[in-house]
Amino acid sequence: MKYGYYPGCSLEKNAASYDMSAKAVARPLGIEFQELQDWNCCGASEYISINRVAAYSLVARNLSLAETQLEKGTDLVAPCSLCFLNLTKADQYMQEDAPLSAKVNTALNAGGMHYDPGSIHTRHLMHIITEDIGLDEVAARVIRPLTGLRVAAYYGCLIVRPGFQSKFDNFEYPTSLDRLMKVCGAQVVDFPLRAHCCGGHMTQISQPVALELIRRLLENAAEYKADVIVTLCPMCQLNLDVYQADVNKYFKTNYNIPVLYFTQLMGLAFGLSAQELGIGKEFIDPRPALAKIGVEVPPPEEPKPKKPSKEELPMPRMPEES
Amino acid sequence: MSDQFEPVIIGFTCNWCSYRAADMAGTARMKYAPNVRLIRLMCSGRLDPTFVLKALAGGADGVMITGCHPGDCHYVSQNYKAMRRFLLMRRTLKQMGVEPERLKLVWASAAEGAIFTDEVNKFVEQVRALGSLHWPTSGEGYEQMFAIPEHMIAKEVTP
Amino acid sequence: MAQEKIGVYVCHCGSNIAGTVDVEDVAKWAAEQLHHRGVVVARDYKFMCSSLGQELIEKDIKQLGLTRVVVAACSPHLHERTFRTACKNAGLNPYLCELVSIREQVSWVHTDKVAATEKAKAIISGGVERVIWHEALEPLKVPIHPATLVVGGGIAGIQAALEIADAGFPVYMVEREPSIGGHMAQFDKTFPTLDCSACILTPKMVDVGNHPNITLMTWSEVMRVDGYVGNFQVTVRQKPRYVKTELCTGCGICQEKCPKKVIDEVFEAGLGYRKVVYTPFPQAVPNYPVIDRENCTYFIKGTCKACQKFCPTEAIDFEQKEEFIQIDVGQIILATGYDLFDPRKIAQYGYGRLANVFSSLEFERFTNAAGPTGGKLYLRDGVTVPKTVAIIHCSGSRDKNYNNYCSNICCMQSLKFAHLAKEKTGAEVYNFYIDIRTPAKAYDEFYQRVLEEGTHMIRGRVAEVTDAARGTKDEGKLIVQVEDTLIGKQRRIPVDMVILSAALVPRKDHHETARMFGLSCSSDGWLIERHPKLDPVATMTEGIFIAGCAQGPKDIPASVAQGAAAAARVIGKIQQHEIAMEPVRATVDQEKCSGCRICNNLCPFNAILFHEDRMVSEVNPALCQGCGTCVAGCPAGAITGTGFSNEQVLAQIDGLLLHNIKHLEMEAVPVP
Amino acid sequence: MTTNGKPKFAMYWAASCGGCEIAVLNIHEKILDVDANFDVVFWPVAMDAKYKDVEAMEDGSILLTLFNGAIRNDENEHVAKLLRRKSKILVAFGSCANEGCMPALANLSSVQEMVDTAFSTITTDNPNGIRPQVTFTVPEGDLHIPQLYPAVRTLDQIVPVDYYMPGCPPESHQIAAVIDLVIQVLQGKAELPPAGTVIGAGNSTCCDECKRKRNEKLIKKFERIQHVMIDPELCLLEQGILCSGPATRSGCNALCPAAGSPCIGCYGPADGVLDYGSRLMTAVASVIDSNDPDEIEHILDGIPDPAGQFYRFNLAGSLMRFSKSAWQG
Amino acid sequence: MAIATTQARAPTFFDRVVAATPGDPHLEMCIQCGTCGGSCPSGPDMDHTPRALFAMINAGMIEKVLSSNTPWYCVACYYCMVRCPQQIHITDIMYTLKRMSIQEGLYQKGSAPEAPGFSQTFIDYVENYGRSFELGLATRYHLSYHPLDMMKMAPMGIGMLRKGRMDLTPKKIKGMDQLKSILAKAKELEAKL
């Protein structure tokens, strides 16, 4: 099956492993990705806070690219929940709000572009795997079941809410990822906070707020003795993984739960190697957990810092703490 | 209302659902365009195509036929007969140059004053967009149609 | 026929019409512009429907010798009768009067005064043209069958049935379940007086069972309704009980001996068990058990028959078949009640996922002395007594995502729950509400009482119920997360038990019901009454009435009141022996009819018969309901409809178009 | 032209095919009675006469005029008015004069379209693209031919008509009957019916005279007659063949259905019917056996030309009278 | 907002909020039930719950509303929006309030004065490169808003670099000029609001 592919900024770098693993599992499942050429940032949750028309135009540029680059009727896939939200939301409100849509198209026009609301159907990677491909297909590819691995399926917010388009699971208590992990052989633990917030950008705006939200999730996952939290959103992964140390410091806790992308666990179940799935870039070392299913993860190699470019801002010199 | 074209629309309602929907719209003080004038029939099944032709030939710009929802007809299934007639009538009138958009069939239950209001407003705009129909079966329209300039009137050749 | 003398009367309806329509101008216009159409007088008056207004018309009829009357006022559905009577009193045939609506159709729905006035004129000229073609008619009289069908054996139906039966008229009561009693039979206490539900209900149930005038048909459903007011033919399906009621003594041995238990989804709301051969509850009426075929070992495996072996009167009969029974009734009362909203739909409240979240009906069974726990309040484990209880109002009500309406009973029910929970366990009770609505007699006093008992009332719609603890104090509890809107802060309150005051929703088969009885439902799915204020138990269909929750959520007092009201309406009609019906009927001109038989299958009431011998069709006026479909369908124009004749409608069209289609010159009134 | 004491008789054809004349002659020896009782003063098809002769006559001097043909051009109108003036009894004779008939089907198109069809379609050999001119100059002077109106009208849309005699053409036995009646009236043996009456026809519809068996009607598919084997006994409409019988005035003894061909409606609407087409439409639609809009549409596809079908004879006499293209040109 | 026939009047604060929100936010339908405030993950840290904010909007308390930290603490989890019994587009309204408070320069008064700074820094990169740039964002934002936090942030930044999860240089899209002109036009149109 062919889909348009909108990776989004995160998957370029900080969630590169998500990008890798997504592509790695797509192949055996017969999913073909056509990446949008010259796509731009979706504006995350920031642009909309500053300027409405600009924010929608920013997203609409991508939709317009999709409209011109993709064969008619081809769905656009976004692995990042936030990109997924912004793309669907922009399309939805452009359909509902004629004046807004007019403004956005006037703006696009300034760049010689145009977008007809409703013509591009954006869906989350998870949606096409569970819906279009189907769990049976997935099950059929499993050669190394994740037997014994206790997985907490974490959905986060934006894949299920508000469900602007292609709503495919319950707002409050989604189960599709649970089912997907089950067919991969994992032991899916109950995880009541499955669809609660990871703190989003609050890590930057008010860390205490964010850390509390992250703590709740970790606490809940720990309560159900999860070996690993599986996620399908770069922001969720970042917050739960990278800030876990800060949570422990801030709350005097000692959580140590690795956070992986669902595509990575799928990949492992498909028998792919940890490397091709980009495993090893996590802050919380997943090796102990993965050892349970007999997966060897080589220690991450140090990347040599590239030569700084002109635009780059000076990196503050700080004594590196251990 | 400005000097924009104000269509005249005749609406046929059934005594049990759509007429009561109109009543309800009134009781609830919902607002709709004053262009529609209603005629109460016992049932949409009473709708005789003659009525519609009469209205159009008589100068109406559009005709709205309303009744109970399919399956909810007070007389069991008569609204289906109205639907059959409507569909055939629309085809015939199309051949006569009456745009199908000038005829509308609307189902509204006694509780659906809002739907009635909404449909009326939509239809009025739809007909307004089509412009005046003003079928010239009589009056000036008729006079003009059959007037022949004096010099054109044929005379007998008398050698 | 000389030209008619027409009087036109324009009503101000206070400012209801006069506020938007220039009524004086309209009357003046009618007198001048419609004079050539036969209008000899046109007046406007503050309230035409007042006695003075009516006298105005009567005086003109007598003094000016009016032959036709047009009243421009409110909807015919409100005052047509009023003005027809006025004409009658003045010696004019009531059907020579036409009421046109310039209130519901003009002043109330338009704001532009000029446009409204113009439209009013058009409507009046339409009425004038139409009334010219009216004919003097006499109302049709049809006899009323004295028997009445009551559908549904809940409290509303029971009340209605008893009232009618006590008045000495026969009643058929059809109930879907094995016993009558409805939801009320499941309750323990009833607000606001807290008297025992069973104590006040069962005597009435017994009365129904024993009443000489009541034929009780339980485990039965209405399949088909034919005919019309006064003469309905109803087909009832009697499901097989597999118990010979004439032999059964209701001793209950079969229930004791039956080896199989199943969860009782209906009466025990899924909180308890019942045998496969069962009567829903001890005081069931009738007291004969039924065998639940789906679960019966004999029907599944072909062996067991324990009940049959032990039945002392050999009443068990596995061969029983369903029966279809025809009954003739004059009128019908629908008291089909409600279903409970399934709280599972509100995932964030965790019902069905979190063990100790209960539905209101489950709680009723809990507290019921005859319930599965003998009236004791436990958690799902059946042993632990809750120390803290949360009651969530508006679960599924007042919520556009589920049901937009207020379920009416939840506030009082939740307060009752609060009281019972406290009384039975001494637990801390929290009620979470959006608004407290206690308008009826002694209701707010009950609220006061519950406050006195120290119930915590928290104003805020609960956001979620979760078992995800934050900190030790939450461990093993259900946490109710809510904004306490009165302090504007978010709170998380750990409790042992959560009760959801679930919404009342229409019966899942409400659409079929409405269709079968020829009624319409509101968008919510409740049956629609003839008038929300002035005619709450009648429906648009003559001879069919509604009572209780079928019409909308309501509590026991209101249901009883409606049951009685419906009964009163029915009795009133029966005592008239016959009813007058609108003489709106179709007739076939035997001369013109060519016997093409187009019309024959247009009539859903089979009122059109075809005479093979004379090769003509004929309409049976008794069966004709006056819809006019055959009139519109006759290719030869051989069928005419009184009250809605072609001439009348065509003339009305001319009238409506008349004064704004300048070129439409009106030829003088044709002489029929 | 002799001026004996016999009452004067005239017959004229406006826009028509001449079939009505033939029908009149088709009354065989009865034609002699006509000659015996009337002085035929004007009958273009049968004898030479000039309009000016008629103009010369005294107003109301003609007792009976049978006017057939519709009003297509100013000449038709001129003569119609002329004969109205000169005649005591003016009869709209035949479908054209009554309701427009075939000529009125042109009301579905504009004059332009009509002329184009006649003068410039491949079936026409007209290399120089000649078009009719109302005025044409020849050495002898100007020639005029009548001016076409945008639409065809019926006789009574031009002048008051005393009696209507439908049919395309009227059945000869009906004509004979009418002539008998008039003669009897002349001899004082009978009364004339009230003005405006339809004469020479029944007042029910074709089915009344049709011998075919009939049942309740439910139609799932409309058939073209050439595509089906017809049950000789059974009502044609029930066999899915669009028969206009149910809506068409009786009087012809249901000749067509008897011959196995559906009634095409030449006797026009039944008594008191305002619009023939809508009566037929409503009847046909009512008996379609489906409640599903899509299926109904599909069934209706079996009627490729509804306007032509339902208004074959009646367009000029219908409520709408003509199509938009006729009056918008 | 549902069309009701009301007399013409100067647009109130309430009207402006509704007008500046895409689609129909149904704000007028609020019944003050508190489902939003109860659902909000960062509710405890907000100075007013969304519900309270809506009442204040109705009361025209512009200053108090636009200097509230509530919109800035909104994590856009959309729980309130899907749970609201009146289907009010709460999250969208929060974004509207953010924009307004920036326009009116009232955010500094609130308890999250640096929040817009983060958004601004973020979009500066988007506007200049067409992509976001975490390293630049982190460093520049923290330098200008929490210089002291830099200490805390550093190890994470370095960790990110080490794990190869952060670029040292931003990526730039080809159609940068095109994007620039689109955004320029857009801002001009938004100004017309």
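A few points about this structure:
Letters A, B, C, D and E mark the chains in the order given here, with residues in each chain numbered from 1 onward.
Definition applied: a residue touches a chain if its C-beta (ideal position, glycine included) is under 8 Å from a C-beta of that chain, and two chains touch if they have at least 3 such contacts.
Note that the structure is predicted; figures quoted are calculated from it, not measured.
Once chain D is excluded from the assembly, the chains that remain, linked only through touching, form one piece.
Any chain bridging chain B and chain D, meaning touching each of them, is among C; the list is complete.
In terms of C-beta pairs in contact, B-C outnumbers the other of C-D and B-C.
When each chain is reduced to the average of its Cα atoms, D sits farthest from chain C.
Chain B and chain C have Cα centroids separated by 34 Å. A separation of 52 Å divides the Cα centre of chain A from that of chain C.
Separating the centre of chain A from that of chain B, both taken as means of CA atoms, is a distance of 56 Å. Within chain E, the positions touching two or more other chains are listed as 5, 79, 82-83. Counting partner chains per residue, chain D has residues 274, 279, 282, 286 touching two or more of them. Residue positions 31, 48, 50, 54, 77, 81, 85, 141 of chain B are each in touch with at least two other chains.
A complete list of chain pairs in contact reads A-C, A-E, B-C, B-D, C-D, C-E.
Interface of chain C with chain B (complex): residues 75-77, 101, 103-106, 108-112, 115-116, 118-119, 122-123, 126, 514-515, 518, 520-523, 528, 540-541, 584, 602, 604-605, 625-629, 631-633, 641, 643-644, 646, 649-650, 652-654, 656-657, 660-665. Looking at the complex, you find that chain B touches chain D at residues 48-50, 52-54, 56-57, 70, 77, 80-81, 83-85, 87-89, 91-93, 95-98, 135-137, 141, 145-146, 148, 152-159.
Residues 203-208, 214-218, 235, 237, 245-247, 250, 269-274, 279-280, 282-283, 286-287 of chain D are the ones touching chain C in the complex.
Residue ranges on chain D touching chain B, taken from their complex, read 51-52, 73-75, 108, 134-135, 140-141, 143-147, 149-151, 153, 274-275, 277-279, 281-282, 284-286, 288, 290-291, 293, 296-297, 300, 303, 305-308, 310, 318-325, 327-328.
Those residues of chain A that touch chain E in the shared complex are 9, 12-16, 38-41, 43-54, 56-58, 61, 92-93, 96-97, 100, 103-104, 106-113, 157-158, 161-163, 171-172, 196-197, 199-202, 204-209, 213, 242, 246, 281-283, 300, 302-303, 305-306, 308-309, 311-313, 315-316, 318, 320-321.
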